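First, the structure itself, so that you have it in front of you.
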Amino acid sequence: MPRVLMKGNEAFGEGAIRAGCRYFFGYPITPQSELPHYLARRLPEVGGVYLQAESEVAAINMVYGAAAAGARVMTSSSSPGISLMQEGISYLAGAELPCVIVNVMRGGPGLGNIAPAQSDYFQAVKGGGHGDYRLLCLAPSSVQEILDLMGLAFDLADKYRNPVMVLGDGILGQMMEPVELPPYSGELELPPKPWATTGTAGRGTRNIINSLYIEPEELEAVNLRLRAKYQRMEEEEKRWETYLLEEAELVLVAFGTMARVARAAVERLREEGIAAGLIRPITLYPFPDAPFHAAFSRARAFLVVEMNLGQMVEDVRLTVEGRCPVHFYGRTGGVVPTVAEVVNFAKEVWQKL
Amino acid sequence: MVFDRERCKGCELCVTVCPRKILTLSPDLNSLGFHPAMITDASRCTGCCFCALMCPDVVITVLREEGEDAARADEG
Amino acid sequence: MRVLFERTRGLTSKPFHYCPGCTHGIIHRLVAEVLVELDVLEKTVGVCPVGCAVFAYEYFNCDMIEAAHGRAPAVATGVKRVLPDRVVFTYQGDGDLAAIGTAEIVHAAARGEKITTIFVNNAVYGMTGGQMAPTTLLGQKTTTTPFGRRAEEAGYPLRVAEMLATIEGAAYVARVAVNSPKNVIQAKRVIRRAFEVQLANLGFSLVEVLSTCPTNWGMNPPEALRWLEEKMIPVYPLGEFKVPREEREHA
Amino acid sequence: MLEEVLLAGFGGQGILSAGMLLAQAGMAHGLHVAWIPSYGPEMRGGTANCGVTLSDRPISCPLVTEPTTLLAMNQPSLDKFAPKVKPGGLIIYNSSLARWDGELGLGRRLLGLDATAQAEAIGNVRVAVNVLVGAFIALTQIIPLERVKEALRVVLPPHRHHLIAANEKALEVGASLALAKVGEGIALR
Amino acid sequence: MPRVLMKGNEAFGEGAIRAGCRYFFGYPITPQSELPHYLARRLPEVGGVYLQAESEVAAINMVYGAAAAGARVMTSSSSPGISLMQEGISYLAGAELPCVIVNVMRGGPGLGNIAPAQSDYFQAVKGGGHGDYRLLCLAPSSVQEILDLMGLAFDLADKYRNPVMVLGDGILGQMMEPVELPPYSGELELPPKPWATTGTAGRGTRNIINSLYIEPEELEAVNLRLRAKYQRMEEEEKRWETYLLEEAELVLVAFGTMARVARAAVERLREEGIAAGLIRPITLYPFPDAPFHAAFSRARAFLVVEMNLGQMVEDVRLTVEGRCPVHFYGRTGGVVPTVAEVVNFAKEVWQKL
Amino acid sequence: MRVLFERTRGLTSKPFHYCPGCTHGIIHRLVAEVLVELDVLEKTVGVCPVGCAVFAYEYFNCDMIEAAHGRAPAVATGVKRVLPDRVVFTYQGDGDLAAIGTAEIVHAAARGEKITTIFVNNAVYGMTGGQMAPTTLLGQKTTTTPFGRRAEEAGYPLRVAEMLATIEGAAYVARVAVNSPKNVIQAKRVIRRAFEVQLANLGFSLVEVLSTCPTNWGMNPPEALRWLEEKMIPVYPLGEFKVPREEREHA
Amino acid sequence: MLEEVLLAGFGGQGILSAGMLLAQAGMAHGLHVAWIPSYGPEMRGGTANCGVTLSDRPISCPLVTEPTTLLAMNQPSLDKFAPKVKPGGLIIYNSSLARWDGELGLGRRLLGLDATAQAEAIGNVRVAVNVLVGAFIALTQIIPLERVKEALRVVLPPHRHHLIAANEKALEVGASLALAKVGEGIALR
Amino acid sequence: MVFDRERCKGCELCVTVCPRKILTLSPDLNSLGFHPAMITDASRCTGCCFCALMCPDVVITVLREEGEDAARADEG
């Protein structure tokens, strides 16, 4: 398999193309701009459409239109731009339209900066928009995984007719790593979308894409149908990776770039004789509880490390439910915790156990 | 002329634009609680369709016996 | 029996929910008739606004999408880019298009997006209870200009057709009114023209339709027609503001 | 084996491409590699730096916070990053634009090469950074120099392929200068 | 004290005026439109400015400008409109600008409907926008309390230089109840805002309102300063009400309109001999944990009731941490659970204890 | 010794972070000089965009606010409504104003908001790495139009001054360029005029300034000036597109 | 004492104001009160209804889901809400526009008054709803009729004060018709 | 004429617009790494200020001895 050096932002794009995505609507923002640059070049080559929208608000609504028309479609942005998409995301969820949204997170709040961060976790997994909806949320931690998860993202979006968010950060977007890139095989056989609004010709009945249900009981029924989907996701789609978890007494928990740092920290802690291990959630929603349950028998403490001031730690605490202490170490505003910092903090936790 | 009584909301736009002034609201209510429009003297209708053009609820169908047109043309 | 006028199959049989005398209904009918007459109903995808026409998906007898408030042109863009051989239109009110959706309509025009927009200007936000719209006339009382719109605080009426006509990608921009049979006939001609421009791939087309809102204007329907004629048309003159380049050259 | 190289200098000195060159060559040589730029505010003409990790084992953390080697192309980069180099690490700097007078300690090795001057001699200032890269390769032997030269073909866009010769030359000059200096004994500061 | 019958939406407006708010920027949306209607009439009477913005995005940014200029200022909207404000809210938090945002929640997701709901709880308390910020969030449950909490909201906004969200719902906004309305006393003495951008005249130094900190360490410092504020809020601002909590074995938890229903349910349960009680959080962030701690000794179960599919219940679970079972009953999409439904569900829970 | 030209106290002493030869710096100086000459610096509040001028708050020697991308006119509106006797201006790029901020600028104009907007049109998104702007010329290569902007996919250049001039509340709308000493002198005159319109409470004023982006145009600075002259001005003609009503009547 | 009244009819029949009238009068009479409209889709000419709670104790839940009294001004309202009335509750409907043929049971009392006709006789159809309100007051005695009349002055905007007389008349007509019917015995269905 | 050397970015706009062609970039670098602009023949400067008007970094101050204007005027 040929290995090539690829930027994370390009891998989002190439992964999308290989998943059969032919439509991109977006608005430039650092640190994800190489993604639109890549697709502006690459999509025309495969007969697709790259369109720079006038804003993120327009972009997400173009995605809505293209998804309604039955296409595999995506957008991408970074934190402030994703905030602007919240109404549109809620509409996509409400109208049950599949699409993929990439957030290459940067420092916040406000204009913040363009350094890497993970402080949009809550927004992604609890619903930054209005209403009782959820996004299926994937968190790659290497360039290869970006490529792979983009394929999964489009499949899951179609499977559940739900928007899927792929959460990256400035480092993941900017860094290059070798990836295995099989020769590109062209068009995929994609699942049919008989519900799409493509004109009634040849169908007879009208298709309608809508999220308005003026009668509360009807809207509740829609919400219950959505919830049933989310429950199905919780049963079928939880994904995670563990590292040295079996005999771990101190369990680090981290996602994305932070999981790379945490993994190196686990290695160093092991070198120093501390029985550390790692849980890396790959799906952030649904949040993977199984590895925690597996860890309870031996774990004496959990240590959640994030590039924020404590967000995923809440889901960990909801999972652990007081069974053992949950600690947190985070840096924010674009500061990336170093391996040394995490190791030091972990040792402090360990000593106090 | 045919009025789809149950769709009519008694807005009187047809009444207002009829050049012959042969439309009016009927005194009784339809099930929506509106007084529906009706024609008072069908024989004077020229088939100009102004009423149908202005009816916001597409209540009115205008029909015409073949050959009727010529008969009416000289009336107005 | 000859049928001089009958309900078009471009509309479903569902009765409109509009207030008595609200001319949204006339405009719906005109659009539906045009789609049938151009024989494109089966390949049309319509996009509804948020506004009184929010339920338009129940009335137009073709595939329909309900868009977020103001975003219909973006949604229509998404559809048209995926399905360039379909006919795509948006139907939008003056809150939807001229307020919250300003950027989306300007840029759909700037891109020369091959869609048609039916823009219903009734000088007020109907659905939400009669608030000021960007198109509300000076002096007009609404629930948010209880003392009448004053330019000093609330600015001036926005002339959308004139503004969009300055944009290169806008191939056809016109303003009509549906306050009289004559104007209704003209409105239909213009709407047809707008769709023809789309079918000929000439660019973006928009028809601004002056319409009534008897409920929020606080008038009965015939009075509302007169108010439209006497107050609105002087501020919003009817006419074609932009015609496709070829036609201009031949003129 | 694990090398964490930090390359730093002015924007426009080709720092990012030089890092990619190392990563590409490392990958071709069968190493695990990662490349991370620091992408500051998009102010042009500012500073640029990138980290390259080269390892014979999968790379856990691709971030270079304590480099084993620093390649510094100007004064601010040298001043800022030299103190971050790991104990025993290597610092190679462009002595045409920077000088080091301070203390380093911890067994770090320091080597100054007049890269800009050498590049001017070669006929293209923009290849200066590869003088440092050549020196790094020669001193660490982590990748055969040939592999690095081959990688130029991948990293340089086709319309820059006429610059391959100059770049190769810079790599060679850097390598031989470094080996000569090693002969002389690199300063331990 | 004169009592007058007042609509909730009007009480938001009158409460703001009495708190010294003179600037309103907003965009109409049901079910909160009576609020702008009221202020469009009332603000000019007190020398204030009512301005209808072109959108919610513009409205929240006008609020940003007016707050920067030192004014007490507010906006209001309902769910989809609040989603559109998320970027602006994040900026307000990042630039530390005080203001009050009212969300009269309706059914979601997407266009949903205009019936009452509480499904924007997550968005309000976890941060629907990007970055590590928090809103101070107040939840009144009667028209009188709307009036009172609006005053508190403006004071807290100024005290913390942070946006404050007041969460209502369609019922609270639309219903009328008698309120005590002391004769209006006119201008308040408001705290000075030496940081406001009002022109340098008479000050000499420049004031800058900003949320951009390009250096990660600087942005982190800002975030840590924000966190210190949030911790201060957690120490000083938690507010709640309890009802028959002392001897309660089954503790209902509800906010806003739902707390009214829950209170009636508690009364009925008591009539039926079940030792029920109620915790009604008034601040949703910071979430009041004290009454839970007070309840632990006797409580055998918590029952959270919400007009959504389960949002505040997460904060309850984070507070209870597995100490005793936490149950949930919710309706969504604009359906309001009836007293009878809640009573029935509570009895089921009770029987299984 | 006579001083023929010196640095204005309207600017702080902070060196600009702009690329070599970027004419953002010239425009900053002109605005600062005008504020000093009109003696309003101490009562001015400026609003910065998101774009290369994002750090403008470090350069203008007056109170400054950093707005969200595109929202400067809304922010300025908030300020001006609270402080009607202050001078309020926005400084915005063509991504900021003509793309994401379209609705805000159109409605600030429609409201006749008494603020002044300095609109820097450099036909590209500078800060984020040279993507297409709404003002990018047809055929121009950018990072998101790698094969040159084609109207078919990416639409037509938006002429902001012409569009805004159709709006009643816009009192003064003009376009200038800073590619030569002569044009710089004229630009200053026009910017001064725009602020005078604000001081006279006549309504909204906007000056579109054609500016260079040597970095993203891939040219050296003198080449960029020539490109502006030869390519941009023909598409974006200079001139006054709207002057206050009084003046029009006297003309 | 707790009365939960549901008023329902067409939009335009003055349903919401009639509810406010009750709430205002109740408050003036020292009761705890709450008024909640159902604000359906902003379709004009649709149906309108509101709930009014009148109580001598603080009102926990202001929502009227099982009314003790229903005032129904048209057929759809009567059909929809009559079955929701509490056992033993009271239903007063506008027999000019609605009729009841079904079963109710559970001791609910049913009273039809030709409110529209009465209002036309008074000279203003729009006061019809107050015929039902008057009947409700007379049958429950929850608030003195005088209080309700006084409340008209607060609830009607000044430019409608010329309609006070007609409204008072409607209240009176309703009250006396109801009392008369009580004499006749209200149907128990 | 005074150049604020350390602010200069060597963009050459001043050099380009100088009608007398008496500006050039100096061969040495300033601390930002740019070749700053300099004047080659101050005596030929007419004080037209074109350079200062075009300098994006407000590097240039133009000064003039009293009475110098007249002396130079006839030169060009």
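Lettered A, B, C, D, E, F, G and H in written order, each chain numbered from 1.
As a convention for this text, a contact is a pair of C-beta atoms (placed from the backbone, for glycine too) under 8 Å apart; a residue touches a chain by one contact, two chains touch by 3 or more.
Quick caveat, the model's predicted, so the values are computed rather than measured.
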Give me the fewest steps it takes to get from chain E to chain H if each step has to go to a chain it touches.
2
I need the common contact partners of chain A and chain E, sorted by label.
C, F
Comparing B-C with A-C, the busier interface by C-beta pairs is A-C
Just the number, please: Cα centre separation of chain B and chain D in whole Å.
88
Give, as an integer number of Å, the spacing between the C-alpha centres of chain G and chain B.
39
CA centre of chain C versus CA centre of chain D: separation in Å?
63
Could you tell me which residues belong to chain C and also touch two or more other chains?
18-20, 54, 66, 68, 99-100, 102-103, 106-107, 127-129, 134, 154
Would you please write down the residue numbers of chain B that are in contact with two or more other chains?
9
Residues of chain D that touch two or more other chains: which are they?
41-42, 45
For a test of understanding, state which residues of chain F touch chain A in their complex under the given definition.
50, 54, 66, 68-70, 95, 99-100, 102, 125, 127-129, 131-132, 134, 143-147, 153-154
List of chain C residues in touch with chain A within their complex:
12, 41-45, 47, 54-55, 57, 61-68, 71, 74-83, 86-87, 103-104, 106-107
Under the definition above, what is the set of chain E residues touching chain F in their complex?
23, 25, 49, 51, 53-55, 57-59, 61-71, 73, 87-88, 91, 95, 197-201, 206-212
Contact set on chain E toward chain C in their complex
27-30, 33, 36-37, 40-41, 44, 49-52, 54-56, 80, 110-111
Considering the complex alone, what residue numbers of chain F touch chain H?
1-8, 11, 15-16, 18-26, 29, 180-181, 184-185, 214, 220-222, 225
